[in-house]
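Got some structures for you, see below.
Same chain, two partners: chain A is paired with chain B first, then with chain C.
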Partner chain A sequence: MTAARRKGLGPLVLIAPAAVLLGVFLVLPYLNIVVMSFRTPGQGTPYGPGFTTGNYTKFFADSFYLLQVANTLWIGLITTAICLVVGFPVAWQLARGAMRFRALAYGLVLSPLLVGIVIRSYGWTILLGNAGLINRTLTGMGLIDRPLPLMYNALGIVIALVHVFLPFMILPIMAAIQGVDPALESAARSLGASRFTAFRRIVLPLCTPGIQAGCILVFVLSLSAYVTPSLIGGLRVKTMAVTVVDALIDTFQWPWGSALALMLSVTGALCVVIFARLTRMKWKVARP
Partner chain B sequence: MTEVSIERLTKTFGSARAVDCISIRIADGEFISLLGPSGCGKTTTLKMIAGFEEASEGAIRFDGKDVVNVPAEKRDIGMVFQNYALFPHMTVDQNLAFGLEMRKIAKPEMRERIAKVLDMVQLGGYSDRYPNQLSGGQQQRVALARALVIEPKILLLDEPLANLDAKLREEMRVFIRDLQRRVGITTVYVTHDQAEAMTMSDRVVVMFGGRIAQIGAPSDIYERPENLEVAQFVGQVNLVKGTITAAAGAGKSRVASVFGEVAVDSRTDHAPGATVTLSLRPEAIELKAAGQGGAQGKVTARYYSGSIIDYRIALDSGETLHVQTFPNIRIAEGDRVSVHAPADGFWLLGAAK
Partner chain C sequence: MKRPVFTLYCLLVYAFLLAPILVVVGASFNAGNFLTFPPQGLSPRWYVTFFHNDVFMRAIRTSLWVAAVATVISGTIGTMAALYYVQHAGRWKEAVRIAMLAPLLLPEVLTAIALLFFVYAIGIGTTTMIGMIAGHVLITLPFVFINVSASLESFDPSWDMAARSLGADRLTRFRRIMLPLIKPGVIGGALFAFIISFDTFTISFMLKGIGTSTLPIQLFDYLRTNFTPEAAAVSTVSIVLTLVVVIVSEKVLGLRIHRF
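== the complex of A and B ==
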């Protein structure tokens, strides 16, 4: 009987620490944010008495915030797309390339994660600024008269985000490609498919799960990125994460900040769901 | 149908010669096996025929036309892989349709050909299954069907039975052989299993270290091996030292050994007095009770395996013999025996090249 009880409780005991941790530090704060977003603004305090839907009506009434959400989604989308295009060939080489190349490339791929986020972003400032390395070099060579606007705009944010999130795209795709037997391509070619057709019809569908995972990771990380957009976007281009922090910390408007944070989460989640739906595998690997 | 001619084919990886100047002519409809230990170049040769590996030198001709520069997808081959390489995200039907789609075959004909070929491999009701819903043997038959449905010029098989269990492997040998005969397709089969090569093939190409050691019918390879290496690879063999006493004419030499003086078949001539090695297959030896002539010895071990019994015999002259007999003779471990070997059980081995 004790054995049976132990068997029943075993899994529960195992997940308990994680469950408690998640419950206390994730679910509760989240619920608190939801509640907070319906509170009234305070005078000199973080929030006032009573509840209201005013924060949301304010959000939807002001196209400024809707635009900012659109902007944030757009930056996330572009970052994801560039990461995919740049990352796939690298993932391919990592999965299928020669061993010698692999160890070096693996290190290079992970290198952005080894540098602190603030240092990394300042590094980009040095490169991308108006008096930065790139602009000075180009001006010095006489290729341009005025510095190119590489910073304090969406372009700069995207460049920096691609740099730091690339590993999150490459690693899942690499794992997926490693799971595809190279003999499948040979088989497809023996049946008359060109290299490209073999890739499109066989390899690509089989590594869809990895592509999906990579895209979702990069997209979600881009939406919630704070340090990079705030340092490189400056005051001119603000993503939602930056605005949320402004509201919560700088202007001390907890209800308004919470509502903004929730709107970002909801739209982000919606995008992910739509994306997952669109790229859903048409085949199910049925159990034998 | 197609005749394949491989001429001075060579593949080098850096300074290593994986395949070293091999030439094989494969007749239309012939079933030929490339047999050898791993690393002997048999798979590399197959890959070059398929077009997955570029030939460093030499020619591969399908009906006289050199295909060395033709990409794999234009060679019109059907290939079966060791791990089947079925597309896991496609049903059996879609797997079979793939090659036909590449050839832009019209839907109705496609349906017809798939149905016909599935019938041929006895998988009629399985067209909607995914590969992982099939057993190993069934997957193998789907792989075979997928290679055949495109009606290729030649069929290439790369150790297709290596992943199957022993019983199924034997069934599939017969199945593939029968199917190949019915379709009449020129076939190249790569294997390291000598029994597989011998039961299935019209001719066997034995390869060692990138070179061809011998090409011949299975019986030729087994009974008249070119050298020691071949003899040992294609089955159990006893090696008996002997001395040439005289040439006996017609490819025979008289050789004296512990079994007396016999006229032995050989492919090479030796001068009288030369020391030579004779091969003697375990099943060619006859055991009788002690004192009945022949070489005398003692049974040191006896292994019963149903259809045959394996004996180890220590001859009084010092040699150890491996003998296989039917289980109808009663000789126990420790018994003294007379060992008889008929003259046609011997083969005079040439030196390894």
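== the complex of A and C ==
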């Protein structure tokens, strides 16, 4: 073997295990699930012989599932919007605020990530339930007669999802703000821009990539969330991910479940693409 | 926003982030049979119940075992891939990065379902732990990769060249230059991989076999039918386990864990 050849092959050994792992346990399963979604439903077996587009026509023909996808997208959208509004000031404080408690604040933002999603959702059931902490406190204080409907509805799901995914919004935005030189703002101010104008025209466009990344992460994560909607929504409000998993675990309709899961993922991906296009265009227009 | 208002707003958000976690910890010391407010006195009784509950204890052991195996595998594979990415990927750099982050970008529920069908398609099903461990390796791999490649950001190829010109062979160069550089990244990535694997739900839920429930699955099943504070005790122990891992890594090793 020549030296040049050894140099060419040697480094490939480093990437080979990862390539094999991703190829076998990610690419092949994804190809397989696409094929599965075109299989016929089985009688007593997970799937039957032959192929069909029936699973997809069933999806588009049944307004129940279309509504559920719309509902899931809506919950994802609201969750993302609230995360942005709630998270941006915190990201700002972490990036630009006084130094004294920054380590502590950063730890607080990271802390939910270190606690399992089942435990966090469980915490919200304790807080939001009809006999939960919030309702008991309010009735105890005589403010309400009957418990507020905080759980088993979309409201509860959104509250808990915002909590679960807020760090994923704060961290990228924080990183983006840290990348904006404060001198740029001072320059704008010295040229007569108000604080708000300087923020809108200088800071906001420059940290758009961070905002985009945060929004996309939170949106995608909330679409595929299973534990939180399942525990907080109960049987009354189901998101798409819950329906898909239950369809597979309880009824073993593999082709149908595959089609549903793929439709949800494709719709989510489409929303992300549209969002990325829209935000980019908007900022181009905003800059004269 | 005025400064005090702004600070107050941020404090409220921090309180919001901590609230459900504190509530779970508080509820675990409730002496009553149900999660009632105000609590009927304080007592460690639910911890005693939990430590005598074979189902939960077995689940903790399964979780720790799966997390350890997954961490070792993804730590090794992820570190090697990060070395390739930083030093050798060349024009494939962006492709390698996207591929390595793919498990993080794809919806976990879809990955879990795809893996479930796949293990049945190749005939091993969920009778072995192969599917579950492969899933855990997949979802933890990006974190190892991010941490190790971040630790290599400061790497300067001229150091390697200097060592070579001074007569160091390949192994020595790796041991004396590369290893000290990537060590914090590898340990940090492995710790994060361990925590992610220990806490993950969807992958384990779809790929669990009979009798191989992890702690999050067992807790989820329990919560669907039971309302005793035992679940809170289980959760608190799980939180404490994670905290110990993090604090030890921060204090003893002085690590900065990169999540993104």
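In this section, the second predicted complex is superposed on the first by the 263 of 288 C-alpha atoms of A that agree within 3 Å, B and C clash if a C-alpha of one lies under 4 Å from a C-alpha of the other, contacts with A are read in each partner's own complex, and residues count from 1 in each chain.
Basically, a residue touches a chain if its C-beta (ideal position, glycine included) is under 8 Å from a C-beta of that chain, and two chains touch if they have at least 3 such contacts.
Model, not experiment: these values are computed from the prediction.
Answer with first, second, both or neither: which of chain B and chain C does A:191 touch in the superposed model?
first
Under the stated touch criterion, which partner chain does A:183 make contact with: chain B (first), chain C (second), both, or neither?
first
Does the superposition put A:218 against chain B (first), chain C (second), both, or neither?
It touches nothing on chain B or chain C.
Does chain B (first) or chain C (second) touch A:205, or do both, or does neither?
A:205 sits against chain B, while chain C stays out of touch.
Going by the contact rule set out at the top, does A:84 touch chain B (first), chain C (second), both, or neither?
Neither partner.
Looking at chain A, does chain C or chain B touch more of its residues?
The partner that reaches more residues of chain A in the superposed model: C.
What does chain A use to touch chain B in their complex?
Touch list, chain A to chain B: 181, 183-184, 186-194, 197, 201-202, 205-206, 281, 283, 285-288.
Within their complex, state which residues of chain A touch chain C.
So the residues of chain A in touch with chain C come to 11-15, 17-19, 21-22, 25-26, 28-30, 32-33, 36, 46, 86-87, 89-90, 93, 97, 105, 108-120, 122-127, 131-133, 136-137, 160, 163, 166-167, 171-172, 175, 220, 223-224, 226-227, 231, 241, 244-245, 248-249, 254, 257-258, 261-262, 264-265, 268.
Looking at the complex, which residues from chain B come into contact with chain A?
By the definition above, chain B touches chain A via 50-52, 71-74, 76-79, 81-83, 85-90, 98-99, 102-103, 130, 132-134, 146-147, 150, 156.
Under the definition above, what is the set of chain C residues touching chain A in their complex?
Contact set of chain C toward chain A: 1, 6-7, 9-10, 13-14, 16-21, 23-24, 27, 35-38, 76-78, 80-81, 83-85, 87-89, 96, 99-100, 102-103, 105-111, 113-118, 120-121, 134-135, 137-138, 141, 195, 198-202, 205-206, 215-216, 219-220, 223-224, 231-232, 235, 238-239, 242-243, 246, 259-260.
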